[in-house]
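To start, the structure under review is shown below, and the notes come after it.
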Amino acid sequence: MELTDFKAAIDPYKVIFFDAFGVLKTYNALIPGIENTFAYLKDTGKEFYVLTNDASRSPRQLADSYHRLGLYDIEPETIVSSGMLARDYLQTKVKNGVVAYLGTKNSAHYLETAGLTAQSISDLSLDNIDDVSALVFMDDEGFEWGTDLNKTVNLLRKKTIPVIVANTDRTYPMGLKTVAIAIGAVAKMVEDIVGKQFMRFGKPDAQMFIFACQQIQKYRGVDRSEILMVGDTLTTDILGGNKFGLDTALVLTGNTRIEDVDMRINSTGIIPTYVCESAVVK
Amino acid sequence: MELTDFKAAIDPYKVIFFDAFGVLKTYNALIPGIENTFAYLKDTGKEFYVLTNDASRSPRQLADSYHRLGLYDIEPETIVSSGMLARDYLQTKVKNGVVAYLGTKNSAHYLETAGLTAQSISDLSLDNIDDVSALVFMDDEGFEWGTDLNKTVNLLRKKTIPVIVANTDRTYPMGLKTVAIAIGAVAKMVEDIVGKQFMRFGKPDAQMFIFACQQIQKYRGVDRSEILMVGDTLTTDILGGNKFGLDTALVLTGNTRIEDVDMRINSTGIIPTYVCESAVVK
Amino acid sequence: MELTDFKAAIDPYKVIFFDAFGVLKTYNALIPGIENTFAYLKDTGKEFYVLTNDASRSPRQLADSYHRLGLYDIEPETIVSSGMLARDYLQTKVKNGVVAYLGTKNSAHYLETAGLTAQSISDLSLDNIDDVSALVFMDDEGFEWGTDLNKTVNLLRKKTIPVIVANTDRTYPMGLKTVAIAIGAVAKMVEDIVGKQFMRFGKPDAQMFIFACQQIQKYRGVDRSEILMVGDTLTTDILGGNKFGLDTALVLTGNTRIEDVDMRINSTGIIPTYVCESAVVK
Amino acid sequence: MELTDFKAAIDPYKVIFFDAFGVLKTYNALIPGIENTFAYLKDTGKEFYVLTNDASRSPRQLADSYHRLGLYDIEPETIVSSGMLARDYLQTKVKNGVVAYLGTKNSAHYLETAGLTAQSISDLSLDNIDDVSALVFMDDEGFEWGTDLNKTVNLLRKKTIPVIVANTDRTYPMGLKTVAIAIGAVAKMVEDIVGKQFMRFGKPDAQMFIFACQQIQKYRGVDRSEILMVGDTLTTDILGGNKFGLDTALVLTGNTRIEDVDMRINSTGIIPTYVCESAVVK
């Protein structure tokens, strides 16, 4: 596909949705020049949101991580994380009891702000599960894989409860060339073992985009045709955006490299509206 | 699980979403007494919608099929079909060209009312595909399986276009004890063969429920906690309703039999809010 | 990977196993020069077998198809087809009753020579299935897809019988750039719908290689290290050969093209012992 | 299905293949009375082998574990473990270099007796992988899941090597009502993440049965019709035995309970020749 200048790509839209990783930042730094993009959004009065399959930290902590890197435009209110969807589900459907979770103490934020009692799978005893009303896969850290995944399997064999997966990704980047297994892949293994059906929240699922649309302030009620989804991954950002009826821009600073882009589009059949070198306005 | 009287189950809600098959009708007749339910809904001022994974006919034709059976309360405006979601997608994202489809001439309704040129896969020549801008799996009838599925596979190998599946079901009932292969299963076979990613519309996907919520008139803006989803299938009606944050009622007049209900809930991990003998108000 | 001259590749081995399609012939012609290879095998006293996932015709008919193209070295005794494995299974395990099959009348050869009564799915009535003792997917032709696949699904819902798939492929080439859906893909769709577990015969399964080893005459009892498997497909020929402990040669005249070979090996992790331009001895 | 007395079931056969777990022993004890079966086999001159998807220990160590429980008839020569198949593959196909493995030090036995240098994934550094020529999933213990599974994923992203899974099971029993995740499930997660194709050894794969047949001494060359496979699991023992052409006996002392047996047979379509209460000769 032909490359489109990012400024030209975003100009027709009122609201921009950004994926975080591979679009705004790499594993330990901002994409060089990305601050220009946010200055341009401000100047032109466009509204933006960051849609991230990340339930490891609260929106406040996620925003802080950008501030520490020198990008001050991202505030907690502009972040839509898959953890927020999990919280929304739990608040609506699981009104009491103890919610067991796999993840860091930080990820428990989403459960506690839903008014629920959160208990790390590490602290759970299988002899005392009467009060457990749901299980949530939040993050790949904060528990002991060997012991606690076995405990998770046995919990789900003993008790029929809703299971929520707050991050649908299979891996995430750890360094320039290494990845780590994300909780989405671990949840899939457990789901196959116990033969039950888990509920997944995060891109490419429509609920992530609905939720983001509900946050829109200045352009409340904007038509979907005036929103652009910007991402680096065809199977989550672009597929999800397309299916929800948004225009989409694929950027080449993350999972998809310039030499592979045509092959990837052809082999998956997922077609972005634009392909741009990066999300940087020059 | 304990059985709840259907009247008691629906009383707390303002809006009721019904699945069609196995809830309102069987393969060739209404569920006996179902007209009482609609009389009760009218009396109590509740609003209702029928959510169906059926893209074989227009809402008008679907409504007529109830009228012919003697149920006059179901009007085209109260029907939300997966074909409507496919139309919505095509209208937003595929603005021109020819949309090839697998399905009956009736199913082409959804494409033509989107202002698109629809062409049955049967009439398509692989030598003339320059104008084909999308492919839609609508229904399992209206084409020649052997010849036309091979043509479909070769079309998708030659050209990268979005592929839409307007019915996610694998089978549908044909008689008391026989089923037919639904287009959802056929689409899955083609997807596996060509290795591309298709876009599916229909329950349990959130978009079906969003779309239904957007149709609500009298109780526009109603909170999700005031909507009840009624269905006979755990993996579509109940999973989809649960995930979208609705309360759910499983009825035992279709895919789920009373002797299996506990086993099915335990083995899938999909838990309805209520289990009712049927959707009939007595 | 580096290319190896085919003559150099086969020289160390006593027995050569060949895949048929993409190695010996293309869709309607022999690979140019392939007759030299068979002359060379004869001169050097090497034994060979053709291992093919093809149950559409008897070994006699398969051999005739080479003779018609001008290659006279392939005799019925040198052919090992997945149909022969299906016959072997049926002979051992299904001793009586009627075996229903999907496939051409030619494919029924494998059932009839097993001493069984074969009945095409087209001729089967669902009202008369008491004698049906097994179902075999042989070939993609010889039945009416729409009607007869629905009949197949309902047969398997009504009666618990062993189901055999005598061809594991998903597609086969029809012309230079078009493919047809193979019965293996159709069987997978039916298997997913009915939720039962079918038995598959054909490469990469070990049984195909065991069966071929049992046919070896001159070098009876040869060690596996003295057999070379030659094929054009990583996921069937090469994976199967590797797993069975054979050395393997990938040739580039069929499914794998020279420009993709490194990418394919890296992306699948399936590593042939040799990569050769073709199976032609020059 | 009707229950058959185990003595009557085995009488027509010369060689008996037994699964271990759920057939000969439970998690910490012998099946009561199983020693009678082995006395009867001795009296009647029948030969037997134990076929087990267990690569955690050598045949010597596995035999010792029976001796400690009081069953002295099982000797190392009568055990066929999936670890032996992995060793056989490595010996034939991977002739040099370092074989990285996930598993206990005991499981490395199979690699070292193949004349290979085994290195636990725990001891491997990603900076020094030039000599690594294969990776083997042996057992779920002996490594740190979080750290070492991430290391495994990155190893397979950096280097294209054959990957062997020496245990195809998903779980194994830990106590009366709890299970542990088996290495087969972990390997499947890694396979999905890296998108490569692993080689699996163990039931229901034909190679397990070929290997067992090759061990037969007294009745060397016995026809498959004179061998009976006895197991407690339809999807491994019975499916594998059936497909290989053996008669099969399902026993109800392990994974399959008497109240579920008909439902399980019908729902999987896997049909044993006999169903017996246990493998105990009374």
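Observations, loosely collected:
By letter and in written order, the chains are A, B, C and D; residue numbering begins at 1 in each of them.
What we mean here is this: a contact is a pair of C-beta atoms (placed from the backbone, for glycine too) under 8 Å apart; a residue touches a chain by one contact, two chains touch by 3 or more.
Only a predicted model underlies this, so the values are computations on that prediction, with no experimental measurement involved.
With chains reduced to the mean position of their C-alpha atoms, the one farthest from chain D is B. If you average the CA atoms of chain A and of chain C, the two centres end up 45 Å from each other.
Centroid to centroid, with C-alpha atoms defining each point, chain C and chain D lie 28 Å apart.
Rounded to whole angstrom, the centroid-to-centroid distance between chain B and chain C, based on C-alpha atoms, equals 40 Å.
For chain D, the set of residues that touch two or more other chains is empty. Contacting chain pairs (ordered by label): A-B, A-D, B-C, C-D. Chain contact summary for the complex, chain C toward chain D: residues 88-89, 92-93, 156, 160-163, 194-199, 205-207, 210, 224-225, 235, 239, 242-245, 265-271. Residue ranges on chain D touching chain A, taken from their complex, read 126, 140-141, 144-146, 149-150, 153-154, 157-158, 170-171, 174, 177-181, 185-186, 188-189, 192-193.
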